[in-house]
């Protein structure tokens, strides 16, 4: 009985948030003279309207989810890794190059690529961790700066030494992967690919690690009180570095599956423009670093994006407005409207909250 | 109005009824990026819409939010049964190759690159030819023997501009020094301006803007420091004729316009169409195209005449501009 | 007749759990009123309501006869109520004067007049005879000084009622003496003081009246003249206290050997320290805080590196080894600062208890922590040490436990490690006398079973009661060693102050 | 030599101004314990509103004021979400960045009817101030004279912020809130109010930063014209350890590296590597500033 009440209470928050977000979005849509219902309908259809759209939402959620899961581990350990973007890009470019140039059968290329993607993303992230542990260079700064370096370096690789010169040679991109090295699609003609399985598997694995293993416990304690962790014999540097490696590795995997499952080649900018990294970070934070929660928040955030694409395709609502609505929804979902908030609101009759 | 999605069904029926002429043709223009600051896409959008209005076709342009969205938009356009699907740029190549091959009965067009499939019409530009003319003019006009260029990014795509320009300049003025700087972004006029100021301080008296919206920053720098500059895509001289003395033109609007037109009129054919100086698909103001503003004395008629001669050679094929640059 | 303060029928519920149940209390001008009671009896909770930090579930507060209600500490301060929290509310980065005036800064046109602040603080410190250096950075002050800062702050804010929640727990005996004197001075100048403490001698020394809480209820309010320590103890615990077990004479082998250890960090913190702890022996370390005891413990437990010297534990060289390997070699550790080192406040009791057990074979199989098995063990501790965990039991947040109950949890956890060596820093800090007795008993039993204990305590009585040998630290060195038989409070005090005592042969190793 | 002419410094001063202003704003937030990743969006909004203000009022002063005002509104949204509704500050910051990009693009179309960029040759940008005596001194004049008033304002802002933190009562309390919200609250300080105050001031600074970008450095608005400056400001803020003068130094360091990297473009290094230079050098610089950061004591992440 009490459990049901608790559940209801915990549901009030997201439902309220989405409703307020949708309401605000509705005002924006109405303000530009478009049909509110129609727009939302298209948004829904664009994200979940048919099996095809559903699978492309899942495809889009895949890299977001992998990045988010990696960050979750780091965040839990109290390690703030802002470098997912660079880790993803560097992992993806290395994986791609290995898969292109490794003389081996397709399946070997693919597996080698995946491993290299994880390893390189992880090592790049580890470097920042090492600099913090050894030289006390704050992760927050180094990871942010490492993004620029990684992205520029990858860009160099595909503009100069490894550019695809077989075609028009006008794009900074690698050769295309052998078909045999592609990650299989889960349904033919649909966008979702095997990378989605990796993401789900990673979520389950992470859930298990966090929930049941000593390592998960140690990560949590380190995040809660690093001194306590140290006192208790937890090797904080080891845990931090492991966390960094895992989060970088998953980001690298995210980039790799995006290339191996969707683009089939590394195209300069194709991984950075969609903002996977920041979206992944939001997915983590919205889910409070809970692996299973992340599965849902990633799909939700992906759905906002595919929904916005649907709106763009089928209504006259301009694309930038769709992104405004998306931002508004995210804003409100992040808010902690609680049952108490609602009560207090009512009681106070909307007295303003902490203005200066 | 949100009627978009219910439309395809009606239209499909309309077509099934078999009245070829009566049913409005439905054409989708799928842009590979947000139109944003890119005049290239803006023009394409306008050209297609204009043709749509003139020839009675329904043109819907769809912006893609990022690389991953292109393929999905193409697929959805196929599913929604558009009669012609136009897309653009190298970024769409992979996606179009896949989607067009899977849908051999559909008509596609791609602007600015070639996709060699039986149901695709490709329209490309030889921008390097226009850039060559621009460089030639710059080489002739410079008094300080220093010519600058502010480029959006150091990417292969833009080598057509820098390479062509440099070749042209060397052809007319082998002694001129070529200064090139990259902004690192398509949307940073402030930095573009700083780069132009820097080149001016090094003595460049003509600085070619090729920095997308950053060109506006270059123009401002020109106004402040009094050097001369040029713009891209459309005739920019109107903004500030005193300093913006040339503009390199590219008829993306024409390409889109012609594609839509030919499709509605029934003359649409797959294959490759290229626009260069010869086809007047690209060009330079005063040389190949008229301009609303009078010619600036910095360039002078003499230079224009010489460049016109070069243009004639290129058109005639006696002077070759390479296709790609390293 | 109106009282300066009257709390009537105060009740506070946390969910299902009642922390205060119709507690009533009066306070007069110039009175020192002590509140005593077991851990978790609700003392702090009562004071938090008085200070506006918690809203009462029911009850009424009257100030000089007028009902008041405080929505926050702000209201309480404005009404002349000040509180000195046990874990100080200070900004280490700021100076003493800044910490005192904050919130009521002397200013001119919005600019902070730091000079004037210093002057005011100096004046205040003279007026109440509480010595302090207003310009010192608080993070460099000793705990005793920090407490004086807290008291001065309350006075600066114009408090007439001053609440001190376990102020002496972290003080050295000398500092305690000073504090008690200060309390008497304050009362003499007309201030009213509420004093919460577990040390009944202190209560008997300074208070006028004493209120005893048990299980959230008042079990009695007595005047000091009508009672004594034993009566109070009986009122608090509800039973007689027992004698400590006999200690079995043991001649154990050397267990811990600290050999010429030196720690330098800008200044020398430990200077050539050598001593040993044997099996079946409790070695007590006394000293004024800040003389290297903390550093010594940190060095032994692996939390701080040494620059020179060696440490051996159970035969293994553990110098500059990781905490993990030292713990594996046989060390358990009750930390001196339970909030900083000993707990994750935002985690449950169970999670806090698990620290150090997560990879033990008994509770860890095939990659997974055996939660059920471990939970049994924690339940055992809770029963044995009478840890009051509130309504959510093992899932209660550690931060919600009362200070003493949290301490008991930590003691249970570290005793449960069953290691040959236990390093115990202030093991009974903040625990009530019943629990203190129990912890002392447990330590003796551990000793009798042949394990070694290194005990650091600022409580000389504790050191004297438990130790087989006593080392006194002064300025980073071992200033002297006393055998159990020869040790007295006086001798220790002299050594602590840097003096010399005869009869202490330097056989530290 | 070629690489180190004086225009380098002059150009650095100009380029660094928006970054400096935004970083100071970020520092205000950081000092009350809020990590504001929304700087990029706030500056963008400031840049856009400055142009709108200028377009409709024709007054540069009102334009800057308007930019500051709009940014304050956005900041209040940020404050309400993070403090009032306890939303995660990073999520809110990122959402604000998205929101700013979408809204400015949309409003560009709605207000000016253009896509991509708004440029009006009639519009006057901020004037260049010639400082009387300094302008005639050979090198110094080139470096320090002839900037927009906001450039000078930015440097003054750093000093004012320094005075605010370390000389005023309110600043003192702001610092206290950041050092220990729990202690501040128990003292009865209005923690929320102080936080909102700091965030509001951050809004003003970001508004001014935007105005310098769209009216000082150039006179136009283009979509996404902040081009990552907000994130650089974040780095500058962290490197400067949220100390106004530290930020002054770190932004300047970064600006100098950036200007230097431009000059290296001509040399035969690939552009990607020259562009990397400021980031690489910043990291290298971190090896040297760390000493101070330990003393600074706010190394929450480094423990």
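Labels for the chains are A, B, C and D, by order of writing; each one numbers its residues from 1.
The rule is short, and it goes like this: contacts are C-beta pairs under 8 Å (C-beta built on N, C-alpha and C of every residue); 3 or more make two chains touch, one makes a residue touch a chain.
If you're wondering where the values come from, they're calculated on a predicted model, not measured in any experiment.
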Common contacts of chain B and chain D?
-> A
Winner on contact count, chain pair A-D
In angstrom, rounded to a whole number, how far apart do the mean CA points of chain A and chain B lie?
-> 35
Inter-centroid spacing, chain C versus chain A (mean Cα positions, whole Å) = 46
Which whole number of Å gives the spacing of the CA centres of chain A and chain D?
-> 28
How big is the gap, in whole Å, between where the Cα atoms of chain C centre and where those of chain D centre?
-> 46
Contacts with two or more other chains, residues of chain C listed in rising order | none
Touching two or more other chains - residue numbers and ranges from chain B = 154
Please list all residues of chain A that touch 2 or more other chains.
-> 155, 159, 227, 320, 323
Classify the inter-chain contact topology: is it line, ring, star, complete, or other?
-> other
All pairs of touching chains, please: list them by chain label.
-> A-B, A-C, A-D, B-D, C-D
Which chain B residues qualify as touching chain A in the complex?
-> 1-5, 33-34, 60, 62-69, 71-73, 75-77, 79-80, 90-91, 93-94, 102, 113-114, 154-157, 160, 324
Across the complex, what residues on chain D touch chain B?
-> 5, 7, 11, 14-15, 105, 115-117, 119, 121, 213, 217-220, 222-225, 227-228, 262-263, 265-266, 270-272, 275
Residue ranges of chain C in contact with chain D within the complex | 53, 72-75, 77, 85, 89-94, 98, 102-103, 105, 107, 110-112, 139
Chain D partner, complex, touching residues on chain B are 35-39, 42, 153-154, 179-182, 184-185, 187-191, 193-195, 197-198, 201, 213, 216-217, 220, 239-240
Touch list for chain D against partner chain C, complex = 167-173, 175-176, 179-180, 182-183, 185-189, 297
